[in-house]
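Same chain, two partners: chain A is paired with chain B first, then with chain C.
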Partner chain A sequence: MSGFDISVILHALPFLAKGLGLSLALTAVAMIGGLALGLVIAVIRLSRFRFPAMLAALYVNGFRAVPLILVIFWFYFLVPLLLGRPVGALYSVLIAFVMFEGAYYSEIIRAGLKSVRPGQWQAAQASGMTYLQTIRLVVLPQALRKMAPLMVTQGVVLFQDTSLVYVVSLHDFMTSASIVANTQNRIVELYVFAAFVYFAICTTGSVLAQRLSSGRRHAY
Partner chain B sequence: MIRIEGLSKSYGDLPVLRNCSLEVGRGEVVVICGPSGSGKSTFVKCMNGIEPVQAGRITIDGEVLPSKPAAAARIRSRVGMVFQHFELYPHLTVMENICLAQIHVLKRGRGEAEAKARALLRRVGLADKESAYPTQLSGGQQQRIAIVRALAMDPIAMLFDEPTSALDPEMIGEVLAVMLELAREGMTMIVVTHEMGFAKAAAGRIVFMDHGEIVEVAETQHFFAQPSSERARLFLSRILAH
Partner chain C sequence: MNYAWNWSVLFQAPYLGWLGQGIAMTMMVSIAAWIIALTLGTLIGILHSGASGALRLVTGCYINVFRNVPLLLQMFLWFFVVPELLPKAAGTWLKRDLPHPEVVTAIVALGLFTASRVAVQVAAGIAAVPRGQSMAAYASGLSTLQRYKLVLLPQAFRIVVPPMTSEFLTIFKNSSIALSIGVYELTAQTQQIQSFTYQGFEAFTAATVTYMTIALIVTALMTVIERRIAIAGPLARG
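Now for the complex of A and B:
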């Protein structure tokens, strides 16, 4: 192991790209699914319906109490049991991520909805809008601008967390990098490269988050 | 038109309204006044059901307001409401503000809603502001647009909660002028305000509240000449002093 050998990376590039693809795809699905699920949970938690609100709170607190790696394990063993047939590691991981991220996103969305001042809710309700219309037309659009940076930040964390899928033998970017590092015995090259890729992607995310929070059309 | 019978409400252990009853006829203008914290805002919010109540019955145009807030939405859309802090939707333009409930609650077409909005904007002298955002307007302009937004729903009555108390003094007049004109046109109005000039000019009756109770309901002239309760007398002397 002498010198910094870039050719190792170039050689392994297709393999690494495949891992990166999985990480990005997992991030995208978990983000979109998690946002949709999170929105539903947040709306239920803020509603007047006590019992569903309680269940939603239980869901959120439950998922936030356990580490993601445990959730991934659960779903890997649980989902096939529930469905009565194997679904494969990828699908069980996708479901685990969406459910897990949904809990976190629901907290961001709930805080965002609550940050819109009560007078806005009252004005909308006074004009005869229903609860869901009030959220959709008046509260959510205002909350979104406040939430956007936090959502992107959560997405960055999520991207980093995709490395946990190695526990069910999936090859995300990090796992692929360490496989190459170990088989080629080129630890420094691969881990420097991996750090660089993570840094580039996460910085892009952070810049995007900053843009979203400062680049509003009308400050309010 | 609006009948409130035995309304009581508390926040937790704190009673905010105690057994309040009031009847407001068609075309009548009633001013509600009273010290801070006496429950005036809460009272008007209960009138169209955006605040749930513990006891009492509210009848609007012959229909009893359902106790479930969701079921009250349709009736609520027929009563306009204007807030102390305007509460225009900051993410929407003036035009969009005025059309939102027309389109989504009354199911009007966009063309009809916009025509309605333009006619009303012209009446309050803000025809040139339809594509502005609320933050680009002065407080007085925002409040006049909030009134237009409520009027666009063709309400059978209008509720005002201290519509001028968040305004700079030089803007109060322009908002009161719009309200006076409305009163003259025969709109049924319930107005929480400390603008005694407006009360004298527009109100038929004055309601005086204190500690969550309706202490006194009197003809306007009567109220100013000789309030029958000691508390109202005290309140008036303080408010007319400045």
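Now for the complex of A and C:
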């Protein structure tokens, strides 16, 4: 190996930046979609309707038992089959991530909702609120403060997980770095650089999560 | 939806064999990595909870670095980058003479990655032991080693069993990432069956059912362990 050649990285910077853009976009869509889906699942699981609650539990435990790569393969294969036409890797992957993250976010949200004191639930019910009103107006605003740090932490995990789209050759940051590494034959530079970028972004996220959780403690 | 079902493909040669090999590889990689993770992670967790500022800094760095870089990239770093950075003889040995380099690399990478997660749990477990226990140990004249061995760790280990169960489950799932460096574990084998036979449904169902079975077995096993080691009487924790 002949020295650390930084010019390769500088040359490839626009290409890498595009990859990073896709990684961040994937993270954002999966996070927003996952939170929305997770909220619905959590609310169903905590409701008094036994059968839907059971199905929701089955969904969560099912997705949590299998690796994300397998889920990506599943949807990569299933989505075109169900739609009857090829849709490209991106859409399959987006659906896979939203469904998968929904299971994880629902656990965070469920724990958050359950952590609100029973008195709050009972008082809301006593004032004549429906189940959904209770969640929306009383429980969720209180639970949100407790859930925020965990949601950010899960977001960091999710950002790292987007690197797995490598297996279906979507050009995210990881795959872009790998492409440059192999075409320019500069494996060491590119992978070390990629590690630094991931580390910097994830550390920022982790610090934010810590701030949020210590800020919460001061608030009370 | 047009799909020609053919479940029998799972029971034909060579596909049944591929599945079996995949399951064996997933188990082997996961368990070997778990042994590394548990040993190293416990050690790092204990050091991280200690009084020494320097040790806390070093172990904190380990934890942060390994937790904030994607596992896929860590596998690539160990597999492609480390042999280049080592002295030439060692690098060549890693690339040429080491038997099954991809499997060994996957085990090491997965083990070191999971160690950082185990360390966090162990440190949190030690921190969760009531402070009075540590003070009482000091007051009774126990040395630091004795304090950990006789008072803190026996209690901390019981506290961390539930989070460890989830880490142990995660390692089986994370072992699938080893396919990116060419380890033919369960997910890779089913993907291969899919591309050979176009029976994706059957192949991925087989993998899904296997991962779920592993999860059920691990959960059952850990519940038994948790019950066995529980402290009876007034010390028992909720």
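As a convention for this text, the second predicted complex is superposed on the first by the 214 of 220 C-alpha atoms of A that agree within 3 Å, B and C clash if a C-alpha of one lies under 4 Å from a C-alpha of the other, contacts with A are read in each partner's own complex, and residues count from 1 in each chain.
As a convention for this text, a residue touches a chain if its C-beta (ideal position, glycine included) is under 8 Å from a C-beta of that chain, and two chains touch if they have at least 3 such contacts.
Treat the numbers as computed from the prediction; the structure is a model and nothing was measured.
J.: Would you sort A:S206 into first (chain B), second (chain C), both or neither based on which partner it touches?
T.: So A:S206 only meets chain C here.
J.: Let me test your reading of the model: by the given contact rule, A:Y166 touches which partner, first (chain B), second (chain C), both or neither?
T.: In the superposed model, A:Y166 contacts chain C only, not chain B.
J.: Does the superposition put A:L68 against chain B (first), chain C (second), both, or neither?
T.: Only chain C is touched by A:L68; chain B is not.
J.: Quick one: classify A:L150 as touching chain B (first), chain C (second), both or neither.
T.: So A:L150 meets neither chain B nor chain C here.
J.: With the two structures laid over each other on chain A, which partner does A:A123 touch: chain B (first), chain C (second), both, or neither?
T.: Once the two structures are laid over each other on A, A:A123 reaches chain B alone.
J.: Does chain C touch more residues of chain A than chain B does, or is it the other way round?
T.: Of chain B and chain C, more residues of chain A lie in contact with C.
J.: Taking the superposition as given, does A:M31 touch the first partner, chain B, the second, chain C, both, or neither?
T.: Neither partner.
J.: What residues of chain A sit close enough to touch chain B in their complex?
T.: Of all residues in chain A, those touching chain B are 48, 119-120, 122-131, 133, 137-138, 141-142, 145, 218-220.
J.: Under the stated contact criterion, what part of chain C meets chain A in this complex?
T.: Residues of chain C touching chain A: 1-3, 64-65, 67-74, 76-77, 80-81, 84-85, 169, 172-177, 179-180, 187, 190-191, 194, 200-201, 204, 207-208, 211-212, 215.
J.: Quick one: which bits of chain B touch chain A in the complex? Just the residue numbers, please.
T.: Going through chain B, the ones touching chain A are 45, 48, 50, 69-70, 73-74, 76-81, 83, 85, 87-91, 100-101, 104-106, 133, 135-136, 149-150, 153.
J.: Show which residues of chain A lie in contact with chain C when the two form their complex.
T.: Chain A residues touching chain C: 1, 62, 64-70, 73-74, 77-78, 81-82, 84, 156, 160-161, 163-164, 166-167, 174, 178, 181, 187-188, 191-192, 194-195, 198-199, 202-203, 206.
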